[in-house]
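In the two complexes below, subunit A is the common chain; its partner is subunit B in one and subunit C in the other.
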Partner chain A sequence: MISSQLTGRRLWIAALVVPPIAFMCLFLVYPILSAFAYAFYEWHGLARGDFVWFDNFHRVLFEFPFSERTINAFKHNIFVFFALMVLQNGLGFILAYCLWRELWGARFHRIAVFLPVVLSTVIVGLLWKLFYHPLFGAVNATLRAVGLGSLAQPWLGQDSTALTAIVVANAWHMVGFPTLVFLAGMQRIPSEILDAVRMETESEWVKMSKIVWPLVAPSATVVFTLLFVGAFNWFELPFIMGGVDGSPHGATDVLGLYFYRTAFGSMSASAENFGPGSALAVLIFLFIAVVSSVITIRLRKREIQL
Partner chain B sequence: MRKSVESSTFRTFGWDGLIQILLIGNSIVMLAPIVIMVFSAFKTNAQIFQSPFSIPDFTNVKSILRVWNETDFLLYMGNSLIVTGASIALIIILGTMAAYAIARYEFRGSGLILLFFLAGLTLPLKLAIIPLFIQIRDFGLIDSRLSLIFIYVATGLPTTVFIMTGFIRSLPNELEDAARMDGANEARIMWSIMLPLVRPAMVIAAIQNVVPIWNDFFFPLIFIQNNNLKTLPQGLTTFMGEFGTDWGVLFSGLTLSALPIIILYIALSRQFINGMTAGAIK
Partner chain C sequence: MARLSLRGIKKRFKAVEVLHGIDLDVNDRELIVFVGPSGCGKSTLLRLIAGLDPITDGEFLLNDKRMNEVAPSRRGIAMVFQSYALYPHMDVYENMAFGARLMGLSKAEVEARIQEATRMLRLEPLLERKPRELSGGQRQRVAIGRALVRKPQLLLLDEPLSNLDAALRSEVRLEIARLHREIGGTTIYVTHDQVEAMTLADRIVVMNGGRIEQFGSPRELYETPANTFVANFIGSPRMAMLGVEREGDRLIAPGIGAISLTRLPSAADRELLMGVRPDGMSISPDLQGEGFAAQVVYTEYLGDSAYVYVKMGEGAPVSIRCTPDTQYAPDTPVKIRVMPDKLHFFSSNTSQRLAV
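Then we have the complex of A and B:
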């Protein structure tokens, strides 16, 4: 009697956990594990050839023209990461502080800053592409309206501004996310601590740098790590705004685009090239995994447990 | 003494004023692009180019009607609804099953199973798109909505299991034990006693998943070529190419695509903000 109940219970638990685990294995874990294996084979279109050790990695990193493009794209990813660190996370922290004061209208401002976050990257990209249009776009129209018409330029059409223009669109889209994560961190600071600080100093700067910033460290860890992963996975916005080749002249090329082009081909590049494509994917994956773990561990150390 | 009070109130007012100006300025920057987009949907090309910021004649719905009648907008919208709806339903069902087992039963390996789901939180599936492509092709699911649904379920499960397990663990045992005393079997306890209590967590999990799935562009780009199956973000890029010179139609298309989620967000802003930051706030 007891044993049949036990097997019944075991079956019941299995019935609950096996289907979700099966989905995860089939469509998440298995493809990622295979991605590592694929990088070591030669590929003829969609057919797998011989095991070639590190040939694909060598081609992607050291052989022309792959290597040049890899490095070009990688540099752009680094720029994107630091630019978004300032424009998105930096501004997000300042905005969170402003919202935290709960002045009149804070609720409205909170809803406004998060509104773009719910929009599709496709909508954001296409919208800003229209705004950046050299003749009819709203950005140049605004500059002309405030008497800065001389600054009007083809933002997406020239090498010097294209990547920055896309970064700005990204910051507009996502700044609400770090803002609200930081805000949640600030709201969790116990009021006794803040009252005690108020007794000691009137300086807002001391309060922010010595008390608030260290106490929102857990939020900073999450936001920095997510931005790092996002910056080196960056694909959809540059794809929509700069095109699959990272135009103009590869000025907006990033690793995500380059990986996509190598793997699936494009107008300018040849057909799909799964070998180097897989090698690129593995390198990007390892880079993200290693650096984001280091970032997380280092940032965790400065978090204070309340 | 009095003077210092005055100067400090002045300072607070000045400081708060500065903050208020910054917040208003930021909200203008956040909302202006959306307002310009909606306004431009009611304008002709000439109006957009000559007076991009003016308030339009809202009775001029010519461009909007063109999007409605001449493009596959409704088809794309329908596809997005089917794919998103089916994915969310499956994610909630499967996520609740796994979380319930992990949270309510003590069995060997339950910690390991939770860890397995948590590991999935950090895996960027985009980078495994080559093996995934070959696998989906072998399953015969290229150009099928099922490919998208299965992938979204796999990517949505980790956060869902994470959130639901925490919530289900926090529920009290008394009701469950009483029902067990009365001889109710485990399935019945789960279905009629526990699940009604889990609904708030299901809403959070659903909202957290609905935005990235509804907005996704990458996986349809790889797996869907048949126009009849395209989702809204993907279809939007197609029809932006077709109507490239008619800006009124372009802005109408963007407005119509953005409006459903904007309205939903304004109606449920608290739930959206809580849901979408739930994974990042511990």
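Then we have the complex of A and C:
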């Protein structure tokens, strides 16, 4: 009786656990492992050739023309990471602070700030492409309207501004997320601690930098880590706004796009090149996994218990 | 130096008025206790004095200077919060140094003040600990240290003992009294516990429902409570209250008994409330003569004394202080006699004290 109950319970648990695990294995673990494996073979189209050890990795990292493009894309990823750190997380913190202090219209802005987050990246990409349109885009129109017509320029069409323009669109899209996390962190600070600070200073800057920021920093761990992962996996927005070649002239090329072009081929680049593509994917994966683990562990250590 | 004056202070939260006009004058170096039941507005008043909430109406003067619009950090006031409110990411030393540095003091001065506070509060072994590594009593001392380092002219404490266990309370209470004398400033201390108030205060502010019921020394409050609220709130066990009717020099409690007195309130009220504390009554098994009839409910033995609880008519049980060897079985009928000079009289309409 008891044993049959136990088996029933086990079956029940298995029925709940097996499907998601199977799903994960099929769509996550298997592709990652197979990419690992593919990276060590030579490929002719989709036909697997010889086992070539680290040849593909060597090509991607050190041989022309792969290495040059890899490094170009990697530099852009680094730029995107820092730019988003300032624009998205920095702005998110300031916005959260304003919302938390209940400045004018806080109720409206709390929703307004988070709304873009729920939009699909495709829509955001197309929207901002329109905003940036050199002739009838909202950005240039606004500049002309306020008499700064000389600053109007083809934002997405020139090397100097294209990547930054996409970063701005990304920050607009996602700023609600760090804002929400920081806001939650701020609301968790006991009100008597804030009163205690007010007894000692009236400087908003001291309050924010010496008390609020250190107490909210724990919630920053997750925001930083996710931003890191996001910045080095960056794909959709540059794909939609700059195209698969990272135009103009590779100015918006990032590792994600370069991997895609290498592995699956594109109109302008060569045909698909599965070996180096897989090697690139493995490198990106390892880089993100190692660095984000280190970030998480180091930041976790510095967290403060309230 | 800190004299403070509150003139007609009112506080509204949205539509709700919580303080209905508080007038109060506090002298330099006094230890004032705000006492009253939970929700009567003690913390609210303290926060208005600190400047943490804006004053809706009225004026707050500190040394004759209007403070209403002055920022909390510029009032020369320090506050110890109920939850201590230490900065969790700073160690004990930093917690104390933070405010002192913000005052623009020199490094040496900050150091000297921290050393002084450390010595007064015996914090040496704790200086490098974070708040979460401290016990409740230790956190309390750090919170006080943080306040003292700023050398405030006025120190505010909001229910500082409420998060401590009973054994620690009387110890910390003495400590606060000692510190108050040692630093020589003015202190305002908030509590809902009348025993705490009585033992600590130079003068007590009894509050109820957003008003001051009485302001005076512990002795004044105990011996001449201004109204029935103060009479009931101060003193433990409570004062007994009996509705009586006056006929000539006799006071009659219908159905319970009567007494004759030589000195009665000068007011002309026919119906009065007569109050008497546990030590103003005696109990006797002899049912003859003047007095009030009662029935014993139970006896509480306290070692050096005993309290006998009796029921007189319909009201709540009344306690009477007796010698420790007193023993009455429950339901014994007894006679209660009162000492005429220990009686308090209140108007049954206004609840105010009536002078004899």
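Definition applied: the second predicted complex is superposed on the first by the 304 of 306 C-alpha atoms of A that agree within 3 Å, B and C clash if a C-alpha of one lies under 4 Å from a C-alpha of the other, contacts with A are read in each partner's own complex, and residues count from 1 in each chain.
Following the convention adopted for this analysis, a contact is a pair of C-beta atoms (placed from the backbone, for glycine too) under 8 Å apart; a residue touches a chain by one contact, two chains touch by 3 or more.
Here the structure is a predicted model, which means the values were calculated and not measured.
**Q** Looking at the overlay, what does A:193 touch: subunit B (first), subunit C (second), both, or neither?
**A** second
**Q** Could you say whether A:205 touches subunit B, subunit C, both of them, or neither, answering first, second, both or neither?
**A** After superposing on A, A:205 lies clear of both subunit B and subunit C.
**Q** Taking the superposition on A as described, I'd like to know which of subunit B and subunit C A:27 touches: first, second, both or neither.
**A** first
**Q** Quick one: name whichever of subunit B and subunit C touches more residues of subunit A.
**A** Between subunit B and subunit C, B touches the greater number of residues in subunit A.
**Q** With the two structures laid over each other on chain A, which partner does A:180 touch: subunit B (first), subunit C (second), both, or neither?
**A** A:180 sits against subunit B, while subunit C stays out of touch.
**Q** Determine, under the contact definition given at the top, whether A:114 touches first (subunit B), second (subunit C), both, or neither.
**A** The first partner, subunit B, only.
**Q** For A:215, is the partner it touches subunit B (first), subunit C (second), both, or none of the two (neither)?
**A** second
**Q** Output check: A:274 vs subunit B and subunit C. Expected answer is one of first, second, both, neither. What do you get?
**A** After superposition on chain A, A:274 lies in contact with subunit B alone.
**Q** Which subunit A residues lie in the overlap of the subunit B contact set and the subunit C contact set?
**A** 202
**Q** In their shared complex, at which residues does subunit A touch subunit B?
**A** 9-10, 12-13, 16-17, 19-21, 23-24, 26-32, 34-35, 38, 46, 94-95, 98-99, 101, 103-106, 108-123, 126-128, 130-131, 135-136, 138, 141, 145, 172, 176-177, 180-181, 184-185, 202, 204, 218-219, 222-223, 226, 229, 233, 235-236, 240, 256, 259, 263-264, 274, 277-278, 281-282, 284-285, 288-289, 292
**Q** Please output the residues of subunit B touching subunit A within their complex, sorted ascending.
**A** Residues 8, 15-16, 19-20, 22-24, 26-27, 29-31, 33-34, 36-37, 48-49, 52-53, 94-95, 97-98, 100-102, 105, 107, 113, 116-117, 120, 122-132, 134-135, 137, 150-151, 153-155, 157-158, 161, 186-187, 211, 214-215, 217-218, 222, 232-234, 236-237, 240, 247, 250-251, 254, 257-258, 261-262, 265-266, 269, 272-273, 276-277, 280-282 of subunit B touch subunit A in their complex.
**Q** Please give the residue numbers of subunit A that touch subunit C in the complex, ascending.
**A** Subunit A reaches subunit C through residues 190, 192-193, 195-203, 206, 210-211, 214-215, 304-306.
**Q** Which subunit C residues qualify as touching subunit A in the complex?
**A** Touch residues, subunit C against subunit A: 47, 50-52, 71-74, 77-79, 81-83, 85-89, 98-99, 102, 132, 150.
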